[in-house]
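Just so it is clear, A, B, C, D and E label the chains in written order, and each chain counts residues from 1 on its own.
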Amino acid sequence: AADKILSMSTTTSTQASGLLNILLPAFEKDTGIKVKVIAKGTGAAIRDGVDGNVDVIFVHAKSREEDFVKKGYGTKRYAVMHNDFVILGPANDPAKVKNSSSASSALKKIALNQSTFVSRGDDSGTHTKEQFLWKQTKLKMKTTTTTITKKGKKKSVSYSQPIGSWYNSIGQGMGKVLTYADEKQSYTMSDRGTYIKYKFGRKQKFDLTVLHEGDKALANPYGIIPINPKTHPHVKHKLAVQFAEWLVSARGQKLIDGYRLIGKQLFYPDAI
Amino acid sequence: MGFFLDSFISAFELIRSLDTELLLIVVVSLKVSGFSTLFAGVFGIPLGFLISFNEFRGKRLLITCLNTMLALPTVAIALFVYAFISRRAIFGSLDLLYTQKAIIIGQTFLIFPIIATFTISAISHIDQRYRKTALTLGANQKQVAFIVLREAKYGILAAIIASFGRVISEVGISMMLGGNAKGFTRTITTAMALEYDKGEFVLAVALGMVLIIISFAINLLFHLFQGRDSK
Amino acid sequence: MGFFLDSFISAFELIRSLDTELLLIVVVSLKVSGFSTLFAGVFGIPLGFLISFNEFRGKRLLITCLNTMLALPTVAIALFVYAFISRRAIFGSLDLLYTQKAIIIGQTFLIFPIIATFTISAISHIDQRYRKTALTLGANQKQVAFIVLREAKYGILAAIIASFGRVISEVGISMMLGGNAKGFTRTITTAMALEYDKGEFVLAVALGMVLIIISFAINLLFHLFQGRDSK
Amino acid sequence: MILYALQKITKVFGSRRILDIDFLEIEEGKIYALLGPNGAGKTTLLDVLGFLEPLTSGEIIFKNRTVKYSENHLQKLRRNVVMVNQKPILFSTSVFKNLDFGLKIRNIPAPKRRLIIEESLDLVGLRHMIQAPAHKLSGGETQRVVLARALALSPQVVLCDEPTASIDLENQVETVNLLKTINEEKNISIILASHDRSQALSIAHHTLFIDHGSISDASYENLFSAIIHNADDGGSTCTITPGIELTLSRQQKGKKRILLDPSKIELLDDGHPHSGPNILNGEILSLSKEKDNIRLMINIGIRLTVFLSSSQYRKKRPLVGDLVSIQIQPQAARIL
Amino acid sequence: MILYALQKITKVFGSRRILDIDFLEIEEGKIYALLGPNGAGKTTLLDVLGFLEPLTSGEIIFKNRTVKYSENHLQKLRRNVVMVNQKPILFSTSVFKNLDFGLKIRNIPAPKRRLIIEESLDLVGLRHMIQAPAHKLSGGETQRVVLARALALSPQVVLCDEPTASIDLENQVETVNLLKTINEEKNISIILASHDRSQALSIAHHTLFIDHGSISDASYENLFSAIIHNADDGGSTCTITPGIELTLSRQQKGKKRILLDPSKIELLDDGHPHSGPNILNGEILSLSKEKDNIRLMINIGIRLTVFLSSSQYRKKRPLVGDLVSIQIQPQAARIL
């Protein structure tokens, strides 16, 4: 029976949105395979894949995923689904970002108005996307570099962010960022799933509303990658591939398409 | 506050409905914490005895080091253990990461210094005469240790309970080494962290209340046990 | 293990370069932990004295409750404090959430039972005769407490150091009430958690080493202090 | 003047009545010795007299004023009475600070405090140790510093609980002399508990015997465990150890504690060993002076104390080592 | 037979030499009493004899075999020697289990253990308390159970550290008698430390005086602190208390401890008070028997012990209360 258990590292958003609660029981019913889910930040999930701690990873940071496959840690990236990011803010919208032409121009307005903006700051898929958008605003960025030693060699880790104390980088998961931003009545960027859950799925009130959405640049694709058995011979590659293919099969995609949270669609299938 | 009332009602509901999922989480918590307390005791108590009973250079420094270990953050311990049991590490092939065993290993490291230092302190409060009396009656080192153990039993028991309280309430190691996998390594605290992540504060507090009830029950038992004996 | 060597070198690099960001994090950690230890001491030590010095119904039950509070998970404490200081709660207008003050409040709740129970235990190990002697020499309650405090000073100091170790190494409260806001409420442990989340384990361990160096220094100081006196 | 008057006091710990004194008056300016077996309640009584333990019932009148059990009132009273513990302790600081503590509390200005402290240490001959750390003193030194600490406060009463147990002979003598001196020169009343009867008698104006929490006028001497059987004639036979049997006039039974009043034991005239009921033979071990009596210790298998009046002693002139016969009158025996 | 032979032993704690004994032999089957002031090293010596403390240097020969300081060897030796502590303790369990502990360790079968335990408790008269929880016994009972626990192991040697301090008279007598009994009936050697000189003498075959860690043949009596000044004639004057001055033959100076040998003090014949150098007047407080001597306690301002031989005593027939004159020979004084 132990062989029928598949370990998967994934981002908190897939778990917190409740999607896995639909997909996994169905998958187990179809194949008899149980999936053990380890939910964490995108960076740590990818790290799990690099270290071979799990059999498959299910994350949303497309460029890093492709890099992951290229380096030989994974066999193939299956595009499973996408949803999108939204820019949230207080209803009175002090920076007047409503009706901005693009996501980056919305961010620029926030910066120019010095309105508080809360950032994930944790190297997650969302954070990667946010950094990409900030770069497009052509605002001046501050880059911090830390030198560390890896395998005896010096290596530097750097990240950049806009300048100013209005920019709050809090290094936490999406849910906590939303709580934080709501408390501070500030702007932030979130994936739609978590936002819907917070806004409509709980008893507690949540005041932030969507101020900008729909820009192509805000797309948020999720991919699943089985770990490469050449790098980590112990992984249950067959089961991993079975799961990935099940997800992109008509059955999996239909379940994704049909998933509703409080009557709202969260994810859009990418494979059909 | 309405919030706490809600949580309280939810906690009560959770318990009353004997929710199987809750039950499983509680069982995992108890099992993991129980084993790590057991192992920490098995290593920590004898270590405390060894340190107390022997005079050697650097003894006080060793105790200082143990005291320092009390301030080891769970994140650091988790990473330390991770470095040994991750797939690519020496013990990787044992496939320990993201299992209850991994949590137990990490938690054992967390509380082992607590038990050792408490034991040293409990023994230091036991009159030297107990040791001398046992010796003069012909006891060997092991039998002396047994006598001292009996006299220090409440101190050591208190250490064990405090340690159990520490592990059952910790979240860092359980999360990082156990992975909070539903049905496998989800404990009360990681479930709380998850509910908090999801913004489900009421459920998080309800779980916290379940935890407090468990640890109150354990402390009450200790209280009654000690009370009966000192009457 | 290469991993630890890497981390060690990185930690050394971090400290050597006097990285301003690291410095800020360390300062915030020390400041927050220092204040919460201070407040917990200011409330916990007198409470320990009050409980020890008075006989009343339910005294042992109260001690059992304090012991139970030792097992309060940080998540639960954080949520509890959150329920009072969130924007919509009674103290919301004070704008405490996600400030260092919020961390201090939460951590004070975390360690205050530790200090109280340690104080009770330290006093219970002090001979009743000290109290009687002070009384017969004409002391009032406050002066008696002073005498007992002096005799129990190392026990209480140990409690304070253990509490400081507990808060400087905890992550749940700092994360949830402080928010890990870079430059404001980022502490060593929340920074570690972040680096872990990012998969940058080397940096996480390096930060952990900085923390251990701090707490070793504090324990060493205590060790020397105590040693000088008992010579 | 009457220092303490105790009326119908009891002290109960749990379900045990530890003290039960109907009436007791203690005069001012005198030395009282409290004698009694282990667990008799000596320490507890001293605690009560030192206002350190509340009573379960009854009343204490201290210097004509009834003691009220409020912390404030007690604290004032305690300033007149200092207790020296059975196993005394010094605070973990210097000798000076130990003596300073009580004076500071009494708001005495610093220069005067210093004078008093030096004077008090002079009294016990330890002025040169004024700056020594208190917890490094030897047992005898500790005892003396504790006394100095009490005296520095010029109390009206000093309570001493076994001030010389475990103290060596040299220091025992010094301590006893010191107590005498302060009683005479400073007119401080002293109440001390002791097991050493001869020491107590050599120093005290009055001795009190306490047993099972009650004060009795019996002397703490010739106390034995005995087994008592009823005899046919309406009396009973009491076996103290095999070979030593007494005939008692009253019916009694079982294992009892028996007290033989030393002044009701008669030393028979010289001559061949006597024999008869309640007549025992033995050797005189020692002779000593005790107030107006002479105390004989006679080994009759057990050690027995006999009191002779001075005049009888001068008449009979018994010597140490003499073999003598004694007769124990039935009324000398008292069963506890 | 020689039980212990100690050769050039020293014991150092920190920088202080606590024991320093050149040579000491202890015979088998005898009772030895160890007398000496506080801090003299009595307890430490007993610890060494009980193989509980290692030596700093020197050698102990126990029953003709040199003691090796390895834990294994010591453990075997300890099975022959049981120590009864100065402040004895019982383990926090029942009286039965307390006695059982040492027997179980020696692998004695359970039924036999039970017999031995009951027998030992009978010896101290506490068989009825066999199941009582040990920590609820009174002081006197504890002391007796501790003795029973030692005796149950049928050791060859029992070491007792102040077995009667703080114990009431009744139990003191019982304890002393018990020690005598086991020495006589079971031929167990006993070494006891005590402050009570007369008690020690009444029970011991040999007394050892220990001071500053060294054994000396001086008796533990007439020990005073004195201030000595040089005199003009090459001798010196020694002031014990104001009014009591002695002339010594040797030059000395400073505050010293002085020992006056009681058998070198002469009781002058009756008559008017004598006077002259080293002649003092006082009252006889007590007379007692001590081996072949009679011991006089004389109050000359301080209490002084004087030994008379039996024949001299019978000749001079001093009485308690007599006023007498004594002469202290210069060679009676010994400066420590």
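The working rule: a contact is a pair of C-beta atoms (placed from the backbone, for glycine too) under 8 Å apart; a residue touches a chain by one contact, two chains touch by 3 or more.
Remember, predicted model here, so these are calculated numbers, not experimental data.
Considering every other chain in turn, the ones in contact with both subunit B and subunit D prove to be C, E. Taken together, subunit B and subunit C share the touching chains A.
Among the inter-chain contacts, the highest number of C-beta pairs connects B-C. For this pair, subunit D with subunit E, the centres built from the Cα atoms lie 24 Å apart.
Averaging Cα coordinates per chain places subunit A and subunit B 35 Å apart. Chain geometry summary: the mean Cα position of subunit A and that of subunit D are 86 Å apart.
In subunit A, the residues that reach two or more other chains under the touch definition are 40, 173, 176.
Shared contact sites, meaning residues of subunit E that touch two or more other chains, are absent.
Across the assembly, subunit B contributes residues 196, 201 that each touch 2 or more other chains.
By the document's touch criterion, interfaces exist between A-B, A-C, B-C, B-E, C-D, D-E. Here subunit C touches subunit B in the complex through residues 1, 3-4, 60-61, 63-65, 67-68, 70-76, 79-80, 82-84, 89-90, 125, 158, 161-162, 164-166, 168-172, 176, 188-189, 192-193, 196, 201, 204-205, 208, 211-212, 215-216, 219-220, 222-223, 227, going by the rule given at the top. The part of subunit E that touches subunit B in the complex is made up of residues 47, 50, 52, 71, 75, 78-79, 81-83, 85, 87-89, 91-93, 101-102, 105-106, 149, 153. Subunit A makes touch with subunit B in their complex at residues 7, 9, 12, 15-16, 36-40, 51-54, 173, 175-176, 178-179, 197-198, 201-204, 206, 232, 234.
Interface residues of subunit B, counted against subunit A in their complex, comprise 6, 86-88, 92-93, 95, 97-98, 179-184, 194, 196-202. Residue ranges of subunit E in contact with subunit D, taken from their complex: 36-40, 138-140, 162, 165-173, 195, 197, 220-221, 223-225, 283-289, 294, 297, 302-303, 310, 313-314, 317, 319-321.
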